[in-house]
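Here come two complexes built around subunit A, the first alongside subunit B, the second alongside subunit C.
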Partner chain A sequence: MADAVAEAKEEIRRRLADAIRDMEVETAADTARVITTAGWFEMELLETAVAAGMSEASRLYEEGEYFIPELLSCADAAEEATKIFRPYMMGQRPEPKGCVVIGSVAGDTHDIGKNIVALVVEAAGYDVFDIGRDVSAERFVDAVIEKQADALALASLMTTSMNHMADVIQLMERRGCRQSCRVIVGGKPISPSFAQKIGADYYSASAGDTVRILDEIMKTHGN
Partner chain B sequence: MDALTPKERLLRSLAKKKVDRHPVICPGGMMNAALVEIMQKSGHTLPEAHHVDSLMRELAYDVEENTGFENFGIPFCMTVEAEALGSPIDFGTLSCEPKIKVEAFQSVKDVQFKPKGTMAKSSRVAAVVQSLHYLSQKYPDIPAIGSLTGPLSTSASIVDPMTFLKQLRREKEAAHKVIDYVTQHLIEYARLMVDNGATVISIADPTATGEILGPKMFKEYAVFYLNMLTDAIHEMGVPVIIHICGEMAMVKPQIAELHGDAISVDAFVNLKQMKEEYNTLTTMGNLSTYLLEFSNPDTIYKQAKVLLRNNIDIISPACGLSTSTKLKNIQAFTTAIKEE
Partner chain C sequence: MPELFFQEQDQRVSVEAGVTILQAARDAGIIIESPCDGVGTCGKCQVQLKDAAPGSWKCEEAHYQLPAELQEQGYVLACHTKVYGDLIVVAPNTAKQNKTLKILSEGESFQYEIKPWFQKVYAAPKGKTFVLAGGKKVGEEEGDTTKQFYGLAIDIGTTTLVTALIDMNTGEEIDSLSALNPQSLHAQDVITRIHMASKPEGLVLLYGAIRDEFNHTIQELCKRNSIESRYIYEVIYSGNTTMIHLACNVNPEPLGQFPYTAVIRGGNTVPADDLEISPYGDIYLPPIISAYVGPDITSGVLAAQLEKKKGTTLFIDIGTNGEMILAQDGKLAGTSTAAGPAFEGMNITCGMRAGNGALELYQIQPDGTPKTHVIGDVKASGICGSGLLDIIGELVRVGVIGKSGRLVKPDKGKYPDVLKAQMKEKDGKPVFYVAEEVYITQSDIRQVQLAKGAIRAGVEMLMSALGVEAEHVDCVEIAGSFGYHLRESSLIDQGMLPEAFRGKVKFVGNTSKSGAKAFLLNQEVRTYMENLVDEIKDVELSQDPKFQDVFVKALTF
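Our next item is the complex of A and B:
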């Protein structure tokens, strides 16, 4: 009997992960409702199902099978399921791996890439505070201090705005939060040499890259 | 001594005819060359020049005179179209380009369709076409390039871009309706430019990249609407440059389907290889804007010579320039091409 229940749970966990991977918003919501109706509120089931679906979506994106519209649609399906799970997840959410503040720098209203990074990083188990686009250095540093962020991820898609990344790093120095928070920079015009030049800790070329960097940061600098 | 005028040279290059040397241009719009240094010198400044036609044309002239680029390129931003179709604009500063404050609509299903004639009623469209008229009349040997923001980028500037991208999959019919509507207005805007003396229309569509859309949607949306717009401009008797941002490996076969007279690409695209693969393609590009901003005149000069050696048909920056790029760097670039 116990085996049968375990099998049923695994089957439905798989069904939800598949629905998320396949961008099926309605199926994801229906499956989530089946799970809550059955009273299966274990964190492991709720969270791993959504995480597995998003992780497969991220893999397909990294492999060039999915593109941004597909990845965003997977995230919609994951969000639908999470909305249904949320009341049951209270109090049993596991510790996040770390805390990341992310945003596009001042002068830059492009945020598609930044949003994708935020999505993938969140799916990988981090607390993500996305403070939007066209964000001033002051707002970035305020958020880093307020959230006691382990990392700050700065995005820029424009050569006209990329220099503002240096302003953020300098302000972090002046306000005394540079040592406690690693800075990752990325975006189309950004290169590893630019990252080095402005004093960032890491250059990230993709959403997957950002997760790998964060895992490394938490391993070497995490509490 | 040059045998052709800059206008003849560019038009002949776009028509795949022989030229005395390669043209070096910067078409405006996304590829705006109104550098802070030029504006500080001339006193014709942004953001005011986004609105006032007398300032716009003076600044376009200053750019041509100072940089050595062989064209006038206007407007100086990518927001004219979206503003006319309802999105409020933050006009930025001297050094920072205008941007969409907030997209007018949350979803493709919410779009309120504006009637024909909307473009002609926009004061900024009027400033652009009046400037084109003045410059093309006063300097008939210099090509006046009218820059357009492409169908997908304009659509993603009036509809929240994240929702818009999802709706390309989930709400195909409504998405097509909005992009078609936008394209019809862009055709109307292009006609105003052409009727007022634009020599060439340049379309930049940074949302329409293979990296964002993938090959299937790139074909279904980007190629389809760029070609609809290009065909309409061709009917007006004017050639079209299409700039595609980003890495193109994924969408190379689709690039060959574009009807543009020249395809302009980003710095990391190997134009030499692309020319070899698609020998009928007129190539444009692609000096790194990063190099132009952060390098020195010597390196830039040498890199410009590489573009000549690779026989790139029309030489230009690879993408949008930083307004803080040093003028001497741009001059090293254009000098290297002109002394060919």
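Our next item is the complex of A and C:
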């Protein structure tokens, strides 16, 4: 009997993850309702189903199978399910893997790429604080200090604004939070040598890359 | 000091240890094409090092990775390779390659009276000819020179320059010359150019390059038509806002950073001291509409007489920046959208400019076989912008590319067998061959999706700003020399333009130049347009929260 329930839970967990991966917003919502109606409120089930779906979506995006619209549709499906779970999840939020502040640097108002990185990183189990675009060095550093962030991810799409990344790193040093927070930079014009030149810790080429870098950071610098 | 020998150019240069090959070449006046201005993203500045001794050079890691087989043959990126010892460098001689560029110089126009800002009057008693500007005397010439009265209308494109020599007595266009904008060899797209010109030495290089090209063109035009350059009195600069800054030797830095402001607003004349024309000569800059909707569009609005048209007309210049104006019974709104340089062949694996060897037309016939045309009727060596849009449009239509932009595998697709044979693998990834050695990759398609999505999103946002439905647009005018080589079906099949525009698209050619000509020949249109631009509603996309949704929706085919 216990096995049958476990099997049913596993099956519905898979169904929800598949619905998210397949961008089926309504199926995701319906499946989430089935779960709550059955009274299966364990964190295990609610959280891992959504995370599994999003992580498969991220994988497909990285492999080139999905593009921006598909990934965002998966995120919509995940959000629908999460909305239904939310009332049952109170007080049992899982421990995040780490905390990341992310934003597009001053002078740059492009943020679709940055939004995707935020989405994929969040799906991988991190607490993500997206502080937007055209963000000044002061605001970045304030957020890093306030959130006690493990990492700061800086994005820039334009060669004309990428030099502001260096300003952020310098301000972190002056305000004494550079040691406790790793800096990851990325975006179209950014290169590994540019990252090195401005004193960033990592260069990230993609959303998936950012997750791998964060996992590495948490392994070597996490508590 | 290490010595570099540039073999193709037969030039030896001594350099400080530690400078990059690109910097050394620039200092010596040798052009190595570097569309991304040495940032390391485009990979086009590759040069070959011959028999290089170990330690004589060092490569830094760049965003762009050279394929392993090229590295083995001694190829490096000139922008990321530092020199520490003597080297023999083989860099292609660009002067030879760019002679075959296809540039359109004609554009739609309208009737206007010949009434230039400059006038020449012969004062018989004194035996002198007075030169007047705006009714005021600015100089005099010996004898009666009233017959020799010329002006220039220049379309300064990001990639190409078109200069028309005009007889200001008759309004006749005597001759016209096209050339590559020499700045594009140092920094191809607008943003890269702003970045480069924000540094004093960058501005010196870019301004110097275009000034020399202008003077060279003036000389050539005068020689060909047996006129003297001192009888050229006025020049019109029509181009996007950034190009106008760079042609006027003005640092364009504020254009590259939010809130993207222009230093030059246009609607004024400046002395033509650096141009080899009449000592009394000047340059008129047509008014800009906004930081990213420049004098080239103002010229286009004038040439197409947009504010006078009945009904609804959409005017678009498709390029690195898609600039567009929507006109509804005299009410105008404009915007611009960052399409990126994909349409100019940049960031496209087999991309190239529209010169010899570029595949410019691709049509799949009913039996499934593709019909292609290559510029210069030679073997295809790459794909230019119009060819790229054709390829994507056609492959979407027949199902080689799915709605999401994914290349559909032969076993899953329902497209003709002849096309299935063109789907091959390269480095473990699917690619589609359009010619023997020319193919498109999945990431090329993504680049086109981003570019066409940006244009479509701009069109949608502009229509919504004026409350216009696509069905109610009566006419779509596509300007620009790039646009002229496109076909309506390839734009609509891939969703760059809405389906409702089918049958309404008209290619109006280089209206930046034909409008500039009107600015040159009739001073009244200047005041008229200076007033009109203030009434054009500026639709700013990056500040609109709806933009992302519209853009993402526009990415699919």
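Keep this in mind: the second predicted complex is superposed on the first by the 223 of 223 C-alpha atoms of A that agree within 3 Å, B and C clash if a C-alpha of one lies under 4 Å from a C-alpha of the other, contacts with A are read in each partner's own complex, and residues count from 1 in each chain.
Note that contacts are C-beta pairs under 8 Å (C-beta built on N, C-alpha and C of every residue); 3 or more make two chains touch, one makes a residue touch a chain.
This structure is a prediction, so every number in the text was calculated from the model and none was measured.
Superposition of the two complexes onto subunit A shows a clash between subunit B and subunit C. In the superposed pair of complexes, A:Ile12 makes contact with neither subunit B nor subunit C. In the superposed pair of complexes, A:Pro192 makes contact with subunit C only, with no contact to subunit B. When both complexes are overlaid on chain A, the residue A:Met23 reaches subunit B alone and has no touch with subunit C. Touch criterion met: A:Ser161 reaches subunit B and subunit C at once. Of the two partner chains, neither subunit B nor subunit C is touched by A:Ala200. Residue contacts after overlaying the shared chain place A:Asp134 against subunit B and subunit C alike. Once chain A of one complex is fitted onto chain A of the other, the partner contacts of A:Glu70 extend to both subunit B and subunit C. The contact surfaces that subunit B and subunit C form on subunit A in the two complexes overlap at residues 64, 66-70, 72, 107, 109, 111-112, 115, 134, 158-161, 188-189, 191, 194.
Those residues of subunit A that touch subunit C in the shared complex are 64-70, 72, 106-112, 115, 134, 158-161, 188-194, 205. Residue ranges of subunit A in contact with subunit B, taken from their complex: 23, 64, 66-70, 72-73, 76, 107, 109, 111-112, 115, 134, 158-163, 188-189, 191, 194. Within the complex formed with subunit A, the residues of subunit C that make contact are 36-37, 39-41, 60-63, 80, 191-192, 194-195, 198, 253, 256-258, 338, 404-406, 429, 442-443, 446, 449, 542-543, 548, 551-553, 555-556. Those residues of subunit B that touch subunit A in the shared complex are 92, 95-97, 99-100, 161-162, 165-166, 168-170, 211-214, 217, 245-246, 250, 289-290, 293-294, 319-324.
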